[in-house]
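Next, two complexes with chain A in common: one pairs it with chain B, the other with chain C.
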Partner chain A sequence: MTADRRWTIASYAYGLLVAAVLGYFLLGLVVQVSDSFGNLLAVQRPTLAALVRDQFTQHAYLRPLLWGQIKLVYELSDGQYYVWFRGIHVVQVVMLIAVCLALMRPKTALDAALVPLGIAILTGSHTFAPMVREAFPINSFLTIAIGCLFAAWLTLRDRARWYTDALMLAIFIGCVLTFESGILVWVVCVAAVGLGARGLSRPAVAAMTMCLVAYMVVRMFVLHVGSPSLAERASGFGFGILEPNQLMARFEGRAWPFYLYNVVSSISTVLFSEPKGGVWLFIDELTRASVDRWTAVSVASSTVSTALIGWFVWTRRARFLSRTLDRDERIVALFLIALAANAVISFPYTKNIIMSPAGAFLAVATYVASRAWLQAAAPPRTAFAIAVVTMLSCGWAFREAGTHYNLRQTAAEQRTEWVAVDGWLERQRIALTSDDAHWLRDQLHRDAVWNHPTPFQFSRVWARWFEIDR
Partner chain B sequence: MVRRLIAILPVAAAAVPGTVIGVGTTIVILLAIGGSHPMWRVEPINMSEAAVLRDPGTIVRLILRGEDPYARREIRADLLSNDRLELTPVEAGIAARRAEVVDVLLFSARTRPDAATWTHLKCLATLEGDKDVSATLDRYRPESATEMCDGVTRPWK
Partner chain C sequence: MVRNRSVAWYGLPALPPLAVTIAIAAMAVGEMAGSHPLTIGAPRNVAEAIAMGDAAAAARFVETGASVSDIALIRPGILADGPVLATPLEAAVIRDQAGTVEFLVARGATAPTDLRCLARDVGARSVRRRVGAEAGCRAGDALHAVMARP
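After this line comes the complex of A and B, so read on.
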């Protein structure tokens, strides 16, 4: 076995270990009440065709394949909802870690040494946590993040082939009809080809662009599907959350300052972990002189990651300007482009999870920048360079552990929600009118309370260390 | 020799946190599979303690197993107060000011509280000064119940 292969195998083995731990925690969660039970009730009666067709008459969203996927899995599960929906969540996480490793392409001892850092950034980020904490009951954000990283990996390959072109086109159409953020897959492909990548042919890019134009035209002028209005949902602003009525009172008729705020906040949250969900928590805690350790570590680790990427871009600015880039430089450039595009399409409101594709690219970009940073380290700077990467790894490792804790806490909270499910149904004005609906409720309730229970823990010691990033 | 050490130092230093994470992750999964998660150590609790911990899932499980929600149980020290206490789950819910827990207990119980028990609980809620808990109790009031609280004191401080 060659040395290259040995380090590659070691890296993938590590990725598998991390995925196994996450899988364990993911299987501690059940199909949740909010966002999942209601969706399952909605797919019970209509046929697959009717369900997909109905999605074309929605006001603010166009997600026919998302509902198609939920219906398909619901029918395939044949009553084994926990096994199927939670199993799919685990498979999604395994795929995300695998495609992230493929993009990192670890071949040397240094590469393999930095893989835990890269994966810790991927799984410890506040943009990742909601992807594993929530499901609808299939997490579409996770689907899009996988699609974006896969698009980058495929496009950065040495040459295009007809079947990879066809695959990429199919993935793009699948993603964009699953979730609006699927547009990012097109952004990644076009940007990568524009940066000189050869893994996707220009005809394939043209075909994807034509599909995108068709999607936009049909969405806007045929189906008249708009974007979410201010009255749609609460959103973070400044140091707090504004409810829809407050957003309307403040921004109705002149929404662009709010949209601009959302775009800037979305970029900043990936680069600095501040604000989170549009709320400037760190600044607020700083002014009150009571910075929580979770907030401090989050902001510090993200800022150091950003600084390393900034160093990487600065030291190679001539190559960036002349656009004669190698694979690593293309990855960092793709991160910056994906970050900007992700933030722009997230203009209607801010949520950590929306920036999850950019958060995934941050992991790969930091991995690339850290490797370059260590390779460039020469005396007398060596000790400083090593100290930076060591501190960075420790910070992100702490955040990765936080994700595990958050998943456990969420599992216990979900169980509590299932106990009070009838109250939730009443508040949502949902009446269970069929035997199937009652059976579904009873089955999911049984899963939460009896079959896969996660009780609250007696001790609150760890709660002092980890905060849940909503 | 020194030069070679300097050359591998960045790799070794970069590997240290990763190795620590890797070893930590392995320990986590092994302990978790063995049912003893290092960050989520779950100890057996009784229904009164579940009420204090706002854990309706455990409460429902215990009631469905046939346990009596009106029986007194010991609550270990430092959970509700510095000392050990003996409270019924509903009393514990009132002491912890958990209206939703009191609701789950009374809703899930096989029998409604009798008039004397209800009066006692209502008096405790009034003494505790929690309007939400009081309002929750009102929904389960037996017809013959009164609100005469003479001699009722809170068993907790």
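After this line comes the complex of A and C, so read on.
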């Protein structure tokens, strides 16, 4: 076995360990009441064809394949909802980590040494946490993040083949009809080819572009599917959350300042972990002189990551300007383009999870920048360079631990929802009218309360360190 | 040799995430083997289950015949640094679990303290929305009644 191969295998073995541990924690969750039980009730009666067809008459969203996937898994599960839906969530996380590693392409000892940092950024980010804490009951944001990283990996390969072109086209269509953010897959492919990548042919990019144009035309002019209105949901703004009626009162008829705020907030949340969900928590805590440990570490670790990426771009600015880029530079450029595009399509409202594709790219871009930073450090600056990356690594490791802590808490919260599910149904004005609906509720309730008991909870001592939701 | 030693320093950034992953993996293996490192372990009664945020365990206790109103011991480090004696309803209010309060009330639970006052004392917003506004209680009295219980 060559040395190169050893480090690659070691890196993938570490990725597998992280995925296994995360998978163990993910299996502590159950199919949740909010966002999942209602969706499962909705797919019970209609046929797959009718369900997909109905999605073409929605006003704000066009997600036929998402509902198709839920229906398909619901039918395949044959009552084993926990096994199927939780199993899919675990598989998604494994795929995300695998494709992230493929994009990092670790070959040397230094690469392998930075892989734990890269994966910690991926799994410790506040844009990643909601991808594992929630499912609807299939987490479509995870699907899109996997699609985007896969697109980057595929297009950054040495040459295009007809079957990789066809695969990429299929993935793009699948993603865009699953979730609006699927457009990012197209952005990544076009940007990568524009930056000189050769893993996707130009005819394939043209075909994807035609599909995108067709999607937009059909969406806007045939189906008249718009974007979510201000009245759709509460959103973070400034130092608090504005309810839909407050958003309407403040921005109705002149929504563009709110949309601009959302775009800027979305970019900033990936680069600096501030604001979160549109709320400037760190600034607020700073003005009250009571900065929480979790907030401080989040902001510091993200800011150092951003600084390293900034250093990387600055030191190679001539190459970026002339667009004669190597693979690492293309990855960083892709991160910046995906970040901007992700933020722009998130204009209607800002949520951490929406920026998850850009958050995943941040992991790979920081990995690349950190490697370049360490390689560029000559004595006597070497110790300082290593110290910076090690401190960064400490911050992200802390956040990675926080993701696991919060998964445990979520496991308990989800079951609390099931204990009081009848009250929830009443508040949502959902009446269970069929025997199937009653059976579904009873089965999911049994899964949550009896079949899969709540995993042990961490002592409250840890809450002082990892409490994210306050 | 000297060069190898200096190259090894480049491995430092790998250590913090490695340590976290290995620690959590060890915890997971420990749990699968029947112990509960880093965690409190299984709850021992209805009130403690609720205090730990584990309403499902509380529901299982209740379904298998446990009282929904008895005062029970909640171990140190769960609700407070020291041990706490509380009823399931009080624990649910202190943890701001409105759904659990509904669950317990539907099964006939009672508590010696005024829950609305307790909800105000602990800032339990969700519970306050469900149980309504408090009237005529002195700030801190309800919480003190629970915490100072002998």
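The criterion applied here is as follows: the second predicted complex is superposed on the first by the 464 of 470 C-alpha atoms of A that agree within 3 Å, B and C clash if a C-alpha of one lies under 4 Å from a C-alpha of the other, contacts with A are read in each partner's own complex, and residues count from 1 in each chain.
Definition applied: contacts are C-beta pairs under 8 Å (C-beta built on N, C-alpha and C of every residue); 3 or more make two chains touch, one makes a residue touch a chain.
Bear in mind that the values here come from a model prediction, so they are computed numbers and not experimental data.
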| item | value |
| --- | --- |
| Superposed partners chain B and chain C on chain A - clash or fit | clash |
| Touching partner for A:424 - first (chain B), second (chain C), both, neither | second |
| Touching partner for A:109 - first (chain B), second (chain C), both, neither | both |
| First, second, both or neither for A:283, with chain B first and chain C second | neither |
| Common interface positions of chain A, toward chain B and toward chain C | 14, 17-18, 20-21, 24, 109-110, 112-117, 120, 370, 374, 382, 386, 389-390, 393-394, 397, 400-401, 404, 408, 412, 415-416, 418-420, 448-450, 453-459, 462 |
| Chain B partner contacts - residues on chain A that touch it in the complex | 14, 17-18, 20-21, 24, 109-110, 112-117, 120, 370, 374-375, 377, 379, 382, 385-386, 389-390, 393-394, 397, 400-401, 404-405, 408, 412, 415-416, 418-420, 448-450, 453-459, 462 |
| Interface residues, chain B side, partner chain A - complex | 6, 9-22, 24-26, 28-29, 32-33, 37, 39-43, 45, 49, 53-61, 79, 100, 104 |
| In the complex, chain A residues that touch chain C | 14, 17-18, 20-21, 24-25, 109-110, 112-117, 119-120, 370, 374, 382-383, 386, 389-390, 392-394, 396-398, 400-401, 404, 408-409, 412-413, 415-420, 423-424, 448-450, 453-462 |
| Partner chain A, residues of chain C touching it in the complex | 6-7, 9-21, 24-25, 28, 31, 36, 38-42, 52-60, 77-79, 97-100, 102-103 |
